[in-house]
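Chains: A, B and C, in written order; residue numbering restarts at 1 for each.
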Amino acid sequence: VQTTLENLCDVLRRHGMQPTLEGAPTAEIRGVATLEEAGPGDVTFLSNPKYEKLLQSTRGSAIVLKPGVAAPGGRNLIRVAEPYAAITVLIVELHGYRRHRPLPEPQHVQIAPSARIGRNPTIHPGVTIDADVVIGDDCIIYPGCYIGPNCRIGDRLLLYPNVVIYDGTQIGHRVTIHAGTVVANDGLGYAQVNGAWVKIPQIGIVEIADDVEIGSNCSIDRATLGRTKIGKGTKLSNLIAIGHGAHVGEHCMLVAQVGLAGSVSVGHHVTLAGQAGVVGHIRIGDGATVAAQAGVTNSVADGETVLGSPAIPIRDMRKSMVLARRLPELNETIRRLEKQVAELQAQLNGNPPAGS
Amino acid sequence: VQTTLENLCDVLRRHGMQPTLEGAPTAEIRGVATLEEAGPGDVTFLSNPKYEKLLQSTRGSAIVLKPGVAAPGGRNLIRVAEPYAAITVLIVELHGYRRHRPLPEPQHVQIAPSARIGRNPTIHPGVTIDADVVIGDDCIIYPGCYIGPNCRIGDRLLLYPNVVIYDGTQIGHRVTIHAGTVVANDGLGYAQVNGAWVKIPQIGIVEIADDVEIGSNCSIDRATLGRTKIGKGTKLSNLIAIGHGAHVGEHCMLVAQVGLAGSVSVGHHVTLAGQAGVVGHIRIGDGATVAAQAGVTNSVADGETVLGSPAIPIRDMRKSMVLARRLPELNETIRRLEKQVAELQAQLNGNPPAGS
Amino acid sequence: VQTTLENLCDVLRRHGMQPTLEGAPTAEIRGVATLEEAGPGDVTFLSNPKYEKLLQSTRGSAIVLKPGVAAPGGRNLIRVAEPYAAITVLIVELHGYRRHRPLPEPQHVQIAPSARIGRNPTIHPGVTIDADVVIGDDCIIYPGCYIGPNCRIGDRLLLYPNVVIYDGTQIGHRVTIHAGTVVANDGLGYAQVNGAWVKIPQIGIVEIADDVEIGSNCSIDRATLGRTKIGKGTKLSNLIAIGHGAHVGEHCMLVAQVGLAGSVSVGHHVTLAGQAGVVGHIRIGDGATVAAQAGVTNSVADGETVLGSPAIPIRDMRKSMVLARRLPELNETIRRLEKQVAELQAQLNGNPPAGS
C-alpha cells in the first residue's frame, strides 16, 4: 500500500485520535519501521523516551511522536497523544495482518469421515482431523497439526504448523494458536499406590473462549475432571504451562514461560509477567499484576501487584527491600551500640566492660 | 458404563478400601464429575476441605467423602478414609483410560526396511521410523512422530503426535510420551576454541525405563558420553528440560518447567515442584522434595525438603524467613536502643547525648 | 575407527596439545567413554576432580588426565594440560559427528514451485517449503519441518524434525536447529482498546547469523518491526524464549529455559545460565555472565557477573548474603543489648527496668 501523510492522519482520526501534522501532507509513505531501520518511504515513531536520541539519525520520511517532544528541524512529524497506539493503527493500515496462501482442495490430509468442517477451509497437507470433530467456517490449518476426536471448534480457527489438540477440546471463534503448542494433553494426575504412581484417567477437557491467541510451544493440560478454561480475549506468549483444571479469565496477558499449577483461578484483566509461577488452588484477583519470576503461593486480591518468590504485595516488598539493603548499616549500628553499652556498664561499675 | 452405588462400593472393597454407604444402594451412576459440574447420574467427591461449601449446591447423585464430615441431608454418601484414592478407582471403573482408534495397515508412513516392529501396531499416517529401529508389541504412534535410527523400544509404547526421538534411544515397556516432546537431542556440548564454540559430538544416548510417562513439549538431552537416564515409574509434566548425562531415579515426580542441568543425579521417590532448577554435578537424595522455583546449588540429603534460590533446607529457611519478616521490627528496636544508649550516656556524663 | 594410543597422541599434537603417554603406545582404542562406562578398547578421562575415585574402578584401556594427578599403577595414561579439550578432539577423531542418512529424490514433500533449493539437498518426507523460499547447498531437513514464505537460508542448513520457521526469516550458513523449535512466530504484540487486546501485525522478522545452533522446543519471536537477531556462533539450549526485537550478540551461550523479554540487547560472549530471565529494553554487556535463575532488571556492565532476582553484581550479593545469614546472630545481639540497656537504666535510676 502506498499513501500520503495526510491520508494517514485521516486514518488516525477515524480511530478517534487527534493527530497534528507538521511538514509535507503529500509525503509518500509505504511502510512502518523502527527509528533505526526506517528509510525513505517509512513512517517511524518515538514512544519510549529511551530512544529519543535516535530522532537525530533516523532516515524515515515521517515520525509519530507526542506533542511537545523536541525533534530536529525539517522532519515530517505526526504529533499524537499516544504514539504507540497510533503506530499500531498505521501498521494495520499499511501492512495488514499476515496473508495465508489459499490452497486447492485439501490433499494428503487425513480427515475422518465423521468430521464436519465448515465453509472455505484452508487445510495444508499433513494435517490430521480425527473422528467426530466439528470445525466452523474459514479455518486455516497449517501442516503437521493434529485435532483429536470430538473437538468442537468455532469459525476462523488459525493453527500454525504442528499444533496438537487432544480429544474433546472446545474452542470458540477467532482463536489463533502458534506452532508446536499442545492443548489438552494429560496433566500430572497420579495416585501413589505402594510406592508407585498409578495413572488417573484424565477425563476432563480444555475450553478456550473466543478471540484467544496462544503462542508457540505452550502446554495446556486437560482437567482431570471438569474443565481447564482460557477466557475470552486472553493472550498467551510462548512456552507457558497451564495446569489441569486451571481457569484463566477474560482479557488476561500471560508472558513467556509462565506456569500455572492445577486448579488455579485467575480473574479477568490479569497480567502475569515472564517466568512467573502460581501454586495450585489459589486465586489471582481481577486486574492483578504478577511480576516477572514471582512465585505466588497465596491468593492475590483484586488489583494487587505482587512480586518476589514467595510473592508479596509490592508495597510490602519495597519496605523489606529497603531494609534488606540497609542490613550493612543496621549491622554497623548494632556493633556501635554494643560498644557504647559496654562502655556505659564499665563507667557505672567502675569495671572494664564485661566480655571484652 | 452404568452401575449402582452398591456396585461401586464393591469395587472400592476389591481395592482394599472400606466404604460406608449412606443413602440409596440402587442409585444409578454413569460418571464422575467435580462438585461444581456434577449432575444427576454423577458421583462426585470432597477431598480438599477448601471446597466443602460446594457440598450444599452440588447436583450430583452421590458424594464420596471422609467419615465425620458434615453433609446436607437427603444425599447419597460414600464415606471412605481416602476420598481421592477412592474417586481415582471410580474414574477408572466408570470411564477407563483413553481409547485409541484402531487403524488399518499403516499408510503414508515411512518405515525403514531394516526397522522391526512387533505385533498389533497402530501407526498413524505421517510417522517416520528410521533404520534399524526395534519396537515391541502393541505400539500406538500418532501422526508426526519421528523415531531415529537404532532406537530400541519395548512393548506398549504410546507416542502422542509430533514426538521426536533421536537416534540410539533405549526405551522400556509401557512408556507414554505426550505431544511435542523431544528425546535425545544434542545437549549444550561445546568447547571454546579461540573465542568460538566448537561442537563436541554428542555420542551418548538416552535410556528411559519401564512405566515412565513424559508430558508435552519436554526436552531431554542425550548424554555427551554414556547415558541420560529416566528411572522406572517416574513421571514428568510439561516443558521440562533434562540436561545431558542427568540420571533421574525411580518413581520420581517432576512438575512442569523443572530444569535439571547436566550430570545431575536424582534419587528415587524425589519430587521436584514446578519451575525448580538444579545445577550440574550434584545429587538430590532419595525421597527428597524440592519446592517450586527452588534453585538447588548443593547436594540434597535423603528425605530433605529444600526451598528458595539458592535452595536451603526448609527448617533453616523458616528461621531466616521469620527473621526477614521481622526486619522492620528489628530496625525499630535498634533505633530505640540507640536513643536509650544516648540518654544513658547523657545521664552519666551530665552532657547532651552525643550525635544528636 | 580403530587406532592406537600413539596415533591418538599424534592427533592431539596436531591440535596444538602436548600429551605425554605413559604405558603401551600400541594399545588399541576404538571409542571414548566415561570412567564408569568405559570398557576394553575405550579411552576415558578425568577432568572434574569430583570423579577422581573412579580412576580405581574404570575398565577403560587408557585414561586422559592432568599431569601430576595420582593414578593407579599399570594403567595407560595420556597426560595433558586440558583433559576435557583433549577428549573433545578424541571424540571427533574416533566417533565423528552424526551421519545423516542420504535420501533419494525428495518424496511426499510439499515444495512450492517458486522455492529455490541449492545442490545436494536431503529433504525428508513430510516437509513443507513455502513460496519464494531460497535455501543454499547441502541442506538436511528432517520430517515435519515447515519453512514459511520468503525465508532466505544459507548453505548447510540442518533442521531436525518438526522445526517451524515462519515467513521472512533470514538464516546464515551452517545453522542447526533441533526438533520442535519455532522461529519467528508472532510475539505478544497487542494494544489495549476499551479493555480488550487488539493484535498488532508483527511485520518484523528474525535474523539468525552463521554457525548458530539452537536446541529443541525453543520459541523465538519475530520482531514487531525490524529484527530479532541471534549473532554468529551463538548457541542456545532447549526451551528458551526470545522476545520480539531482542538482539543476541556473537558467541553467546544460553542455557536451557532462559527467557529474554522484548528488545533486550545482549553483547558478545555472554553466558546466560539456566532459567535466567531478562526484562525488556535493557543491555547485557559483552562478556557478562548471568547466573542460573537470575532475574535481570537493569543493564549489566561488560564483563560483570550478576545473580539473584532481582539480579545484582556478584560482589554485592556476597556481602548481602553474608549478612542475611548472620540475621539470627544480629537478632540475638539486639535482644542482649536491650536487656543490657534496661539494666543500665535501672542501675542509673535505682528503678526496675522500664517495660519489664
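Side notes on the structure shown:
Criterion: a residue touches a chain if its C-beta (ideal position, glycine included) is under 8 Å from a C-beta of that chain, and two chains touch if they have at least 3 such contacts.
No experiment lies behind these values; they were computed from the predicted model shown.
Remark: rotation between chain A and chain C after Cα superposition is 120° (nearest 5). In summary, the pair chain B and chain C forms a contact in which the copies contribute largely different residue numbers, shared numbers making up under half of all those used.
Annotation: 25 Å between the Cα-based centres of chain B and chain C.
Taken residue by residue, chain B touches two or more other chains at 108, 126, 144, 162, 180, 217, 239, 257, 275, 293, 309, 324, 327, 330, 334, 337, 341, 344, 348, whereas all remaining positions touch fewer. Taken in their complex, chain B has these residues touching chain C: 108, 110, 126, 128, 130-131, 144, 146, 149, 162, 164, 166-167, 180-182, 185-188, 190-191, 195-201, 203, 217-219, 221, 224-227, 239, 241, 243, 257, 259, 261, 275, 277, 279, 281, 293, 295, 297, 309, 319-320, 323-324, 326-327, 330, 333-334, 337, 340-341, 344, 347-348. Chain contact summary for the complex, chain A toward chain C: residues 31-34, 36-37, 48, 50, 84-85, 88, 91-92, 95-98, 101, 108, 124-126, 142-144, 160-162, 178-180, 211, 213, 215-217, 233, 235, 237-239, 251, 253, 255-257, 269, 274-275, 292-293, 309, 324-325, 327-328, 330-331, 334, 337-338, 341, 344-345, 348.
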